[in-house]
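Order as written gives the chain letters A, B, C and D; numbering starts at 1 within each chain.
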Amino acid sequence: MTNERLLRLALFGSGRIGQVHARNIAANPELELAVIADPFIDGAQRLAADSGAQAVSDPEEVFSHGDIDGVVIGSPTNTHVDLISRSVARGLAVLCEKPIDLDIDTVRACQEQIGGYSVPIMLGFNRRFDPAFAAMHRRVAAGEIGPLEQLTITSRDPAPAPRDYIAASGGIFRDMTIHDLDMARFFVPDIVEVSASGANVFSEEIADFDDYDSAIVTLRGSRGELISITNSRHCSFGYDQRLEAFGPDGMLSAGNVAPTTVKKYGGAGTEHADPYMPFFLERYAQAYAAELQAFADSIRTGEPCSPDFGDGVTALVLANAAAESAATGRTVSVAGTAAATAG
Amino acid sequence: MTNERLLRLALFGSGRIGQVHARNIAANPELELAVIADPFIDGAQRLAADSGAQAVSDPEEVFSHGDIDGVVIGSPTNTHVDLISRSVARGLAVLCEKPIDLDIDTVRACQEQIGGYSVPIMLGFNRRFDPAFAAMHRRVAAGEIGPLEQLTITSRDPAPAPRDYIAASGGIFRDMTIHDLDMARFFVPDIVEVSASGANVFSEEIADFDDYDSAIVTLRGSRGELISITNSRHCSFGYDQRLEAFGPDGMLSAGNVAPTTVKKYGGAGTEHADPYMPFFLERYAQAYAAELQAFADSIRTGEPCSPDFGDGVTALVLANAAAESAATGRTVSVAGTAAATAG
Amino acid sequence: MTNERLLRLALFGSGRIGQVHARNIAANPELELAVIADPFIDGAQRLAADSGAQAVSDPEEVFSHGDIDGVVIGSPTNTHVDLISRSVARGLAVLCEKPIDLDIDTVRACQEQIGGYSVPIMLGFNRRFDPAFAAMHRRVAAGEIGPLEQLTITSRDPAPAPRDYIAASGGIFRDMTIHDLDMARFFVPDIVEVSASGANVFSEEIADFDDYDSAIVTLRGSRGELISITNSRHCSFGYDQRLEAFGPDGMLSAGNVAPTTVKKYGGAGTEHADPYMPFFLERYAQAYAAELQAFADSIRTGEPCSPDFGDGVTALVLANAAAESAATGRTVSVAGTAAATAG
Amino acid sequence: MTNERLLRLALFGSGRIGQVHARNIAANPELELAVIADPFIDGAQRLAADSGAQAVSDPEEVFSHGDIDGVVIGSPTNTHVDLISRSVARGLAVLCEKPIDLDIDTVRACQEQIGGYSVPIMLGFNRRFDPAFAAMHRRVAAGEIGPLEQLTITSRDPAPAPRDYIAASGGIFRDMTIHDLDMARFFVPDIVEVSASGANVFSEEIADFDDYDSAIVTLRGSRGELISITNSRHCSFGYDQRLEAFGPDGMLSAGNVAPTTVKKYGGAGTEHADPYMPFFLERYAQAYAAELQAFADSIRTGEPCSPDFGDGVTALVLANAAAESAATGRTVSVAGTAAATAG
C-alpha cells in the first residue's frame, strides 16, 4: 500500500458532514483531499486552510480538475442528483450522503441516466460500517444464530432538528427511518412488505408540518423475516441506536455506546453509567472512517461497493411505502422492488 | 391479619397450573385450600394429599360446599365460562386463568349473564404481578419518564407447545400474544388500533394448523402511544420476557432474569451469564404468588380487582383484531372496545 | 420423602436470626418446630404463637423433651458453647450460628469435650449456601477455570452495628471478616498464611473501641493461592457482597443482587439499577433456607455436614491471626491449623 | 493553536512502544517528529520513512540537532538515565517510558544530577490518561464519593513476557506492579506502608528467575486509605485492567473494555460479550495519545507535568518495598518517601 500513490478526492460541501469527511480523509494515509467545493466559499476556504486542499465555489472546477479519483458529496440533498450525474459522467467514483433525492421519480431518472456506469457509486448509509453492527452482520452471515427470523431496530434521535430542517426533510420516514430501512436491508436485502404507524406525541411543530415525531415500522422479508423499527425524534438519554438479531440458534444484540466504562454506585441506585454518545457524529465516528476506507478500497479494486446507488433507491422506495402505510393503515407490498432497483 | 380467619378457596384443575396455585395457597398464611375439583380424580387426590384439601370430581360439590370464599379456575379453557358463571351465581369470588374463552360471543354472553355481579372476578394475567413489570408500572404511573410514548414488549416462548396444545390454542394471537396485549393495556388501557404481521419461519407443524410461529404486533393508544410486541414460539436462550417504556423524561427497562449473578470470563468471551429462567413457572413464580395475594386482598376488602373480567374480554378483542389484521394486511380499529367491555 | 416423618427441631433464641430460622422451618415440608427456648419468654411466646411450637424459658426443657431430632442455636454468642455441649451430649444434631465463641481456648475446650461426637454439628456460615456462591463453588470444583489461583472477596456492611454490638463483637476480624474467612476456606480449605491491614476512616465510635472500620486481608493457600478480602463497616449502596475466582482457564464472578432487573435511562445517566439488597436477611434469604435443608439432609443421612464445627474453629483461628497481623505488621503463619482443627 | 508553530520532537527507540509514539506524534496536529534515534538504524529508518523524520543511530545527533523542543524516550530501560540527563542538560523536555531505572541508587543519582531542572520531565505512566481512569480520578477529586477510603486495582497481563524479558525485568513488582503502584498514587499520592504477597502458581520459567507470577499488594495511605492490588502474569480472557474507588458517599468503578457492545445469547448462556482488548497497545491506545498531548501542553505552558520524575522515583521505591515485604513477610514503612522524592 505504501508504494501506491494517494487517492485524490474532491469534497462537495463544507458543512457539518463535510467537515467529518475532510477530517477522515486527512487521517487516512491512503487519501488526499485535493479540492473542497462550496458556493459558500468562506466555509470551503476555512476547511481548506486546515487540510491544504484547494477551495472552489463552482462545482465545475472539480469536474475540470483533471487529477481527481473520486468525489464525496456532502452538499444539500437537492444538489445530489446533479452532482452524482456529472461525477459519473467524468468517470469519478462517488460517495454520496443519503438520500439521493426525496423524489423517487428524480432518483429513477438519475438511475437511468447513469445506467451502465462503471465507477463505484457508494451511498452514505454509514451505520453499516459501525463496528458493532458490522460485527453482528458478519456473525449472522456466518450462520451463528441460524437463518435470521426477527430483527429489532431501535433508533431515536436525541432531539428534533430545527424547524427549517424538518420543513425540508421529507418527513420522518424519508429523513430518519431511511437509515433504519437500510439497516434492515443490510441484514435482509429482500423486503417484500412495509407496514407503518406514525404518531404525534410531543412536538406541535412537527405536527404542524403534517409529519410524525414517533413511529413504528414493521417489515417483512421474502423468507418471512419480520423486522421492527422503533423511531422517536427525541430521547432524553442520548442517541438511542440498538439492534437485535434473532434466529433459531440464538440472538445477537448491539447496545448503545458510552464514552467510558465508569459506573457509579450510591444511595440513589447502582451501576449508573455515563450518558450515551450524544449524536451521530460521536456515535458513528468510527463508522464514517470505515465507510471512507471502504470507498477507497472500492476505487482501488474496482469491486462493487456496498451500499450502492441501488441501495439508496430501495431505501427511498421503502420510506415511501412506510409513509403510504402510515397514511392508509394498509400494509404496502414492495415485492420485487429491491430486485428492480438494485444498481 | 393474624386475628382474621383464613380465606377458604376451592381449586378447579389439578394440572400444572393448578399445582402452582395449590402450592401458593399453602404458602400463603391468609389462605386455606378447602377443595380441589378435577374430573381426573387421581390428580385431585394426589394434590389434595399434600395440602389436606378435599378432592372431588364433580364441580357441583364445590358450589354446594357452603364454606368457601372463592374459587381458582385452572381447568381447561372450555370449562372457564361455565365455572365462572356458576361461581358468580353462588357469590363466590373468582380467579380464572386466561383466556375466558376463545370465542368472543361466548365471552360476551357470559359477561351479560354475570352482569351486575358484586364479587371479585380476577383474570389470571399474572405478568402484571411480576416484581419488575409491576415496579416499572408504578414508576411510569408516578410520572418518572413523563407521559408514556412508546412501549416495547419482547415475548418469546422457549419452545413450541405440543401438537395437541397448538391445535386447540386458538392461534398465536389468542394463546400467546394475549398476555402481551394485556401487558400493553396494563400500561396503556385504552388501545384504539391494532396492526399485526405473522410469519412461519421454523415450524411446519404450526404452519399446518394455519397458525404463525413468529409475529410482530403494533398497537396505538388513544393518546398516540405506540406499542410494539415481538413474539416467537421458540427461543434458544430461554424464556425471553422483556419490557421497555419510553417517555420524554427517560426510559425504564426490565430485562430477563437469570437464576444467579454468576458470570464467566474466558478465552471464548466474557461476561457470560447463566441461561435465563426456562419458562413461565420459574420466571413468574413470584408473580403467581403476588396475584393470589391480590385476589385475597380483593376478597377481603371488596375493592375491585385488576385485571378483571373486562380486561379478559378486551384482551380477546385485541387478539381477534390482531388475527384479522395479520390476515388482511389492514390496521384494525378497536376504538371504544375497552370502554365497552370494561366490567 | 413424603412418607418419612417430619424432623422435629428446637430453636434457641427468638431474636432476629431466630425468627429467620423459625420461618424457614415452617416453610420446609420436612421440618417441624417443636420448641422455642428463650429466657426472654415473651419473645419465645410471640414466635411460638405463629408456628404452633411450645415456648419455654429454660433450655433444660429442650434437652429433657424427649421428642426432638436437632437444635438450631440462634441465641447470644456467649451461650453457644454451653448449648452445643449439652445438645451433643443428648445426641441432638446442632446447627449453631457463628461464632462458636470469641475465645479460642473456650472453643478448643468445647471441641475436646464433644470429641468423638457422632451427631451432625453444623456452623451457620450461611453464605456457602448462597445460590450464586454455591454455583461458583461447584463450577470451580468441576475444573471450569482450572486450579484456583486468586480469589477476590468484597464484603461491606451497609452501616455499622449499634455501639453495644460493636463493644461485644470481638472486633471486625472476629465478627465480620470471619464470614469472609470461611468463604475463603470454602474455596481454599487449607490456608497457611494471613496478612491484614486495618484502618479507621469514618467512625470515631469504632475507633474508641480499638476496633477498625475498614480492613484488607490477604490469605495464602497451601498451593500458592492468593486471596484478597476487602471489608468496610459501611456502604452507601447497600450490602456489598461479591466474589471473583480466577484461574488459568478463566474467571467466575458473582455480583450483588438487586430486587428486580429494572433499569432507568435519562438525562442524568443510563442503566441506573435498583439499590442492592439492603442487608443479610434479604441478600441471604435463600441461603438460610438452603442451609436449613442441608442440616436436615445431614440429620437424615448421617453424612458429615459442611461447614462443621472444625470449620468454625478454623475461621476463628484465621480471624485471630488477622487481628495479630494487623497489630504487628507481620504475616502470621497458620500452616497446619486447618488440619489440626478439622472436626 | 493553529497559529502557533509545531513542537518538534525527537524519539529514542523504534521498537513497539516507539512506533506507538511515532504514530501518535504524526496524528497530533501540534506535533512534528523531527528525528528518530536508534542504534538499530534499520528500525529507525523504517519508522522514519513513514513519518518524514530523520533517522540517526547516535543519540548525540539528537542533542546537537538544534531545532528540537523535546524528546520521547522509548529505548531500553538501561539507556533511560543517560538519555534523561543529557536531554535535560540541553534544555529539552522529556517524556520517558517507565521505569527510570531498576536500581534506586542510579535513579537517585540521576535525580540529584538534574536537580533544579526547569524543563518538563514526564514519566510514561500512561494509565493516568486512560479516559475511564481519568474520569474516575476527576470525579473522586470532585468529592463525588466523599474522601476516598478504599481503592481496588485489578491488573492482569494476558500472558507472560518472553524469557529474556522476564530475566531483565527486575521482577513482577518493579516491572508490572509499578504501573499499579503509580495508579494507587494517582488517587492516593501519599503512601505510608506497603505489604505484599507473591506466589508461583503456573510458570516454572518465572519461578526459575526467583520471580513471582501472581501477587497481591496492600498499600496504606497517610489518611488510612487502604489499597489492594491484584496481579497475575496471565489472564485467559484478555488484559484485565479494572479499578474501584470506594468512599462514604458511593463507589465508582471502571471495567474492562470490549471492542464492541455486541452480546450473544444462546443455549450455552446469555449476554456473552466480546473478548476484552488483548493488551496495552489496544487498551491504552487513547491513553498514549492523551499522554502525548499532556506532554505537549506542558512544553507550551511550562506548567509542571504529571506524572513527573519524582512520581517515577516514588513508584520504584514502592516496588522495592513490595519486593522486600513479599520476601520478609513484614509490612514495610515508606512514610516520608513520597515527600522526599517528589521532584
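Quick note on the criterion: contacts are C-beta pairs under 8 Å (C-beta built on N, C-alpha and C of every residue); 3 or more make two chains touch, one makes a residue touch a chain.
Because the structure is predicted, anything quoted here is derived from the model rather than measured.
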| item | value |
| --- | --- |
| Far-end chain from chain B, centres as C-alpha averages | D |
| Between the pairs A-B and B-D, the one where more C-beta pairs touch | A-B |
| Euclidean distance of C-alpha centroids - chain B vs chain D, Å | 58 |
| Where chain A and chain B are represented by their mean Cα positions, the distance between them in whole Å | 42 |
| Contacts with 2+ other chains: residues of chain D | 236-237, 249-251, 256, 263-267, 274 |
| Residue numbers on chain C that touch chain D, as the complex places them | 147, 149-150, 152, 154, 156, 193, 195, 197, 199-202, 214-216, 218, 220, 223-226, 228, 230, 232, 234-237, 240, 246, 248-251, 329-331 |
| List of chain D residues in touch with chain A within their complex | 2, 27, 49-50, 131-132, 135-136, 139, 144-145, 249-257, 259-267, 274 |
| Complex contacts: residues of chain B adjacent to chain D | 236-238, 256, 258, 263-276 |
